[in-house]
Amino acid sequence: MSTLLGRLTPWIAGAAALIALPHVFTSGFALTLMSQIGLLIVFALAYNMLLGQGGMLSFGHAVYFGLAGYFTIHYLNFIYEEQVPYIPVTLIPLLGGLVGLFFGILIGYVSTRRAGTTFAMISLGFGEMVTALTLVLVAIFNGEDGIQTDRVLGEELFGITYGPNIEVYYLIAGWCLVCTLAMFLLTRTPFGRISNAVRDNPERVEFIGYSSQRIRWLAFSLSSFFAGIAGALHAVNIEHVGFEQVSVIQSGLVLFMVYIGGAATFVGPIIGATLLYFLQSTLTGVTEAWVLYLGVLFVGVIMFFPGGLAGLISMHQPIWRARARLLAPLLVPYSRFLAALIVCVLGCIGLIEMLYFRSSRLSTETELVIYGVESDPFSAGPWLIFAAAAGLGAFAIRKTYPGAVSAWNTAIADARARPLG
Amino acid sequence: MAVLKWLRTLGITLPIVLAAFSARGADTVKLGLIEPFSGPIAAVGRDTLEIFEFFAHEVNQRGGVLGGRHIEIVPLDNAMNAEKTTQQLRKVIDDDIRFVSQGVGSNHALNIIKFLTRHNRRNPDQAILYLNHSAVTTSFTNELCSFWHFRFDANVDMKVAALVTQIGRDPSARKLYMLNQNYAYGQAFQAAAQRLLAERAPDAELVGDELIVPFGKVLDFTPYIAKIKASGADTVLTGNWGPDLVRFVKAAAEANLNVAFYTIYAGIPSSVAGIGAKDGIATRLKQVTEMHENDPLYDQQPADLLDTYERWRQQTGKSVYSERMRWTIEYFAAALDKAGSDDPALVAAAMEGMAMEGPAGPMAMRAADHQIIFPMVISTMTEDAGRPFIYDGEDYGVAFATDGWIMSDAIELPTTCEMKRP
Amino acid sequence: MSSALTLAGLRKSFGAAEIIRGVDLAVEDGERHAIIGPNGAGKSTLYNLISGRFPPSAGRIHLYDTDITGKKAFDINRLGLTRSFQVTNIFARLSVLDNVRCGCLYALGHRYAWWKLVGRLQDVNEQTASILRDIGLWEKRELPAGLLSYADQRALELGIAIAGGANVILLDEPTAGMSHSEVEQAVSLIRRISEGKTLVIVEHDMGVVFDLADRISVLVYGEIIATGTPGEIRASTAVQEAYLGTGAS
Amino acid sequence: MESIIFAMFNGVLYGMLLFLLASGLTLIFSMMGVLNFAHASFFMLGAYFAYQISEGLNFWAALFVAPVIVGLVGAGVERWGLRPVHRYGHVAELLFTFGVAYVIEELVQMIWGRVPVPYEIPELMSGALFTWQGFDYSIYRVFMLVVSVVIFVALFALLTYTRIGLIIRAAVSDPVHVATLGHDIPRIFMWTFGFGCALAGVAGVVGGNVLGTEPAMAIQLGPIVFVVIVIGGLGSLGGALVAALIIGVVTRLAIFYDYGLGSLFLSLGLEIDTAGLLRDFTRITTAQVAPVLPYLMLVLMLIFKPRGLFGTRDV
């Protein structure tokens, strides 16, 4: 019983957090932010069924997210016009999931015949094609304007109308929890394990009785199902869907979320979706260079931490499990490295902000405040300071990095040397 | 050289900002500006912000509104993404901002209209008013019209009406070729032109009518140029903007296609910069606007307005190319004063029917649908016609010269709006 | 007597080069059959043809009475033929346990199931555990397979191959690169797991071959020049000349 | 008949520009197995560098200097970016270049601003060379064609007949072996990548002034280039050429023979409600969907011939 309780603990804690959050952050902005994060978590986890679990890199997964969104909006509008059977809004996401599943099965059949780079290119091709079609088929997609709806269909269970945003938040939170649990359990099924096996070694799988193509197709379809649920939730939350939602930009964003969060672990996409969307929503108002920072972060993660943020955490898990005290010797070398990293990053940010200010400043903006200090990008002082910080930081990174690595190596070797228990 | 320019502008603007900062503490009337300030078309959003801040500052310098309160522009980035627009609207509600403006992207405009319709119905005490400075979809002041929406730009149909009227006057426009972007806006342009051509330009024959996949998907326009050439057209009428306009015009110029281009958006900075002087002049590129700097009427504007324009050019290194954004602020200020309150419902009521002196005669905010009606001018890109087009301090070596004015009566179209007032 | 595996007139060309030049071979049900030959004789290619990695250019392959010529690898596997690889071919990021588990899922009828949890599949758990103990990796079951030592990875390779309980097992140089003591362990392991099954083994270590095999076939330049008991092969002058002779002297 | 030839000639002109872009991508892919998502970004860099250089000097200086700079940037990206990622496999490399594309786009905006730059065709070549069907072909159009053909021939000759080509081809099929012969494979890869990027740079120099030089040009052009090399068969230079020409000609013909899909549906006996949600299908013409056709061809190709026209190997 205690192990069952232990396993359920994270889920109960997660549910409790989802219930409590809107009482902590009460503003409408925060509520929208959390609602979006909730549905993006579903989308990111769905995407990771491809990338992290199945080894398929897709540049066009927003297609299923967006098409489900379009369908949802149309369906809600049709309910108003009484052309289709009534479905309560609570269950509408399921409908979106089925739409995603339908297109996933259809398009997946063609695209999963190949893996690796070719698969990536096909997904890009489909993404481009569907985006172009949303602009051409005006009656269905209404071009750039997109389509709108009113999510309030009337009273449902317990008098919920989904008029107030808090009700939509709880709708999303509920679906997010259910989908997360479902996708987590999926990783523990025969399908989930073989999907991992296909990722690691598609050829070998063929010699233990499995068609790797069939597995990819199944993974693709199921992933599209969950992406469809996320798309429907998005449509209900925003009451609008437009071509941005199917576009390659949206696909790229979810890729960034999953990869930066960490594709190799289950929680990675959750971390990535939360962190990136939060940063995106708050930083865009602060700095113009946000997209550049995002790109650099992404490239940096690929080059230095291919496991993503969650990977950084989970690489310490064996040490932690073996003996928590083994983590202690890591503290000093890690903080040295971190300090160097922070100095370098702060210096670089300063330089970039000044460059942006010089190239695209508005005449109504006359001063640049970096880290609370007014920095004049037209005098040498700030340039020298930030360049020095960046340079010294980079130098210090080179000096401290090997120390951090060797500390980890020692710790992990110690941890592995201990018997299983 | 560039550094010098920056230093110069810094010297000019520093006192203004200091003044602005001293005003920050006071109780301001906030106007949220929801535009893309990041992402691929951030330039358009940021230009808008600059104009709004500049002219809001002008109003504040004159003594502000409502007996000394200042107008504060609150930039809200939507990154050209619909969900971000909604999110920013919720922020607007959080921060108790009661007036918003937007204009880049009619999809966002539509979202704002729908959102505010719902919000204002549910929360009449916290109603929010939307001042649309540039989103041109005609239906916003027809079947989708709302009491909470005011448009300070001509809609597509009106702009097409102006262009078609001018084509009717142009004796060299005999064979007309239309090419538009295949989405809501381009189709509306096409439909309006088809409707108005027979009536206003009976001598012009429509020899081609084409729709293309929009948003930069067409990389090479030469096949279209070949078709235009084969059709014998002497005039092209297009609503294209962005890369779809730039590549179209450049391809025509390169093939020495001898036609005149009637467009809406040839004169905005990204078009001028992308097309360049040589190709623009070769294709006799025309635009329809509310005003331009080289029109004879320009110099007859009130002296203080000319002063303001001159300051604008000095401070920003940019030409004056969107008068309507100035009006938006002016209307806003005048309506606040007329209402004597910053209650959006009262301000909206005050704005209805409000008249103001435009650059070429009176203009009015039609009460029936909240569409502004004003005279428009068609102008052609030329090499030298007085004030050259400048942007970010760069002189593009071109200017626009007036072809003719289309007065309000020719632009004013009937509306189907059934306005519901609270 | 029924044959477990029958090759008839098998040929394979890559471009102009013919690698397999008409192989006829019948492996009896339940026997341990070794295929030996110099490097480049086409042993791995022969395995690839049998297991369905490539289709043959000509000829037929039968698994018992079923014609498996040109069938897909997974179809052949489902009919009861499994193989290991000369170059270690495992699922590097999965745990050792999951590697073996994946090997038996299909055979135990769980196929593509996405509605059952692997942890709850009693039959799979039991079979996985018994194979892990057999190959001596039970203690290391939670390690990612990529972190295993070379010898352990070879053992795991074998474990994945036999996990499905296939009747016909093709092993490709299972002891390659092992130390002397490791080889001994491997041989006893192979003997154990092939009990009651049909085994075909390609091997360079002649000790292993003569120790294990009931019969031996000699493949030289894409042709089988001799088939017989270890004694017959040892005595064959043709084999001596073509192959063993060079090795013996 | 002449109009068909005319449309096809236009298609060839456009196709050769596509090929010019695709050639560098194909080269990099066939040597390194890396699909460079940032390829169109290097194309964009070529256009911007060319603009900057032709502002200061002239077009001819830009034509030779800009690609060299782009090539050096590309080699730098390979040396300090791609090489460390190599050990994580091709998908990681693809992701890396995807990220690089983002970064380059932002850097371009940071340096040159967010509006297009006025990079124009040199005065000398903007005149008409000949007129066909009343359509003036500028000297520049033909110049572009010549550059593309020269590059194709030179590349082909380089790979087929020179020692470097031999080493490069050997390095692809058996890198370990070539390394034991004393060739520095990482170095070869670095310069291959740089050279491929330089080719994209050349395309940027000659294409930037025709297409318009702006920050979004990479993202608009990138996907179509991938379509070219996938249809042609990954890694096949000849395939890329044929695919580029096919795409050029097909899209041209689709615009020229403006055929309505509605009439196609009618001839198939399908009736579509002209007011319903599917009404657009009756209205659409082939000209309107011309830019989508390459993607459609890509999908069809992958269904019926997954390796592409001339592809010899899987990815």
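Quick notes
Residue numbering begins at 1 within each chain, and the chains themselves are lettered A, B, C and D in the order written.
Just so we're on the same page, a contact is a pair of C-beta atoms (placed from the backbone, for glycine too) under 8 Å apart; a residue touches a chain by one contact, two chains touch by 3 or more.
What you see is a predicted model, and the numbers here were worked out from it, not measured in a lab.
In this structure, the chain pairs A-C and A-B differ in their number of contacting C-beta pairs, and the larger number is found at A-B. Chain centres here are Cα means. That of chain A falls 43 Å from that of chain C. Chain A and chain B have Cα centroids lying 37 Å from one another.
Centre-to-centre separation between chain B and chain C, using Cα means, comes to 74 Å. Per-chain Cα centroids separate chain A from chain D by 31 Å.
Residue numbers of chain A whose C-beta contacts span two or more other chains: 132, 136, 138, 291, 360.
For chain B, the set of residues touching two or more other chains reads 42-43, 46, 182, 213, 217. In chain D, the positions touching at least two other chains are 113-114, 219, 288-289, 291-292.
Two chains count as a pair here when they touch; such pairs are A-B, A-C, A-D, B-D. Note for the complex: chain A touches chain C at residues 185-186, 188-194, 196-197, 199-201, 203-211, 214-215, 218, 222, 264, 419-420. Those residues of chain D whose C-beta lies close enough to touch chain B in the complex are 3, 6-7, 10, 13-14, 17, 113-118, 120-121, 126, 128, 133-138, 140-141, 210-212, 214-217, 219-221, 224, 251-252, 255-256, 287-292. Every residue of chain D that touches chain A in the complex is listed here, in rising order: 35, 81, 84-85, 88, 90-92, 94-96, 98-100, 102-103, 105-107, 109-114, 219, 223, 226-227, 230, 234, 276-281, 284, 288-289, 291-292, 295-296, 298-299, 302-303, 306, 314-315.
Every residue of chain C that touches chain A in the complex is listed here, in rising order: 51-53, 72-74, 77-78, 82-83, 85, 89-94, 98-99, 101-103, 105-107, 110-119, 121, 139, 142, 160-161, 163-164. Across the complex, chain A meets chain B through its residues 27-29, 31-33, 36, 132, 135-136, 138, 142-146, 148, 150, 163, 165, 234, 237-242, 244-245, 280-281, 284-285, 288, 290-291, 358, 360, 362-364, 366-367, 378.
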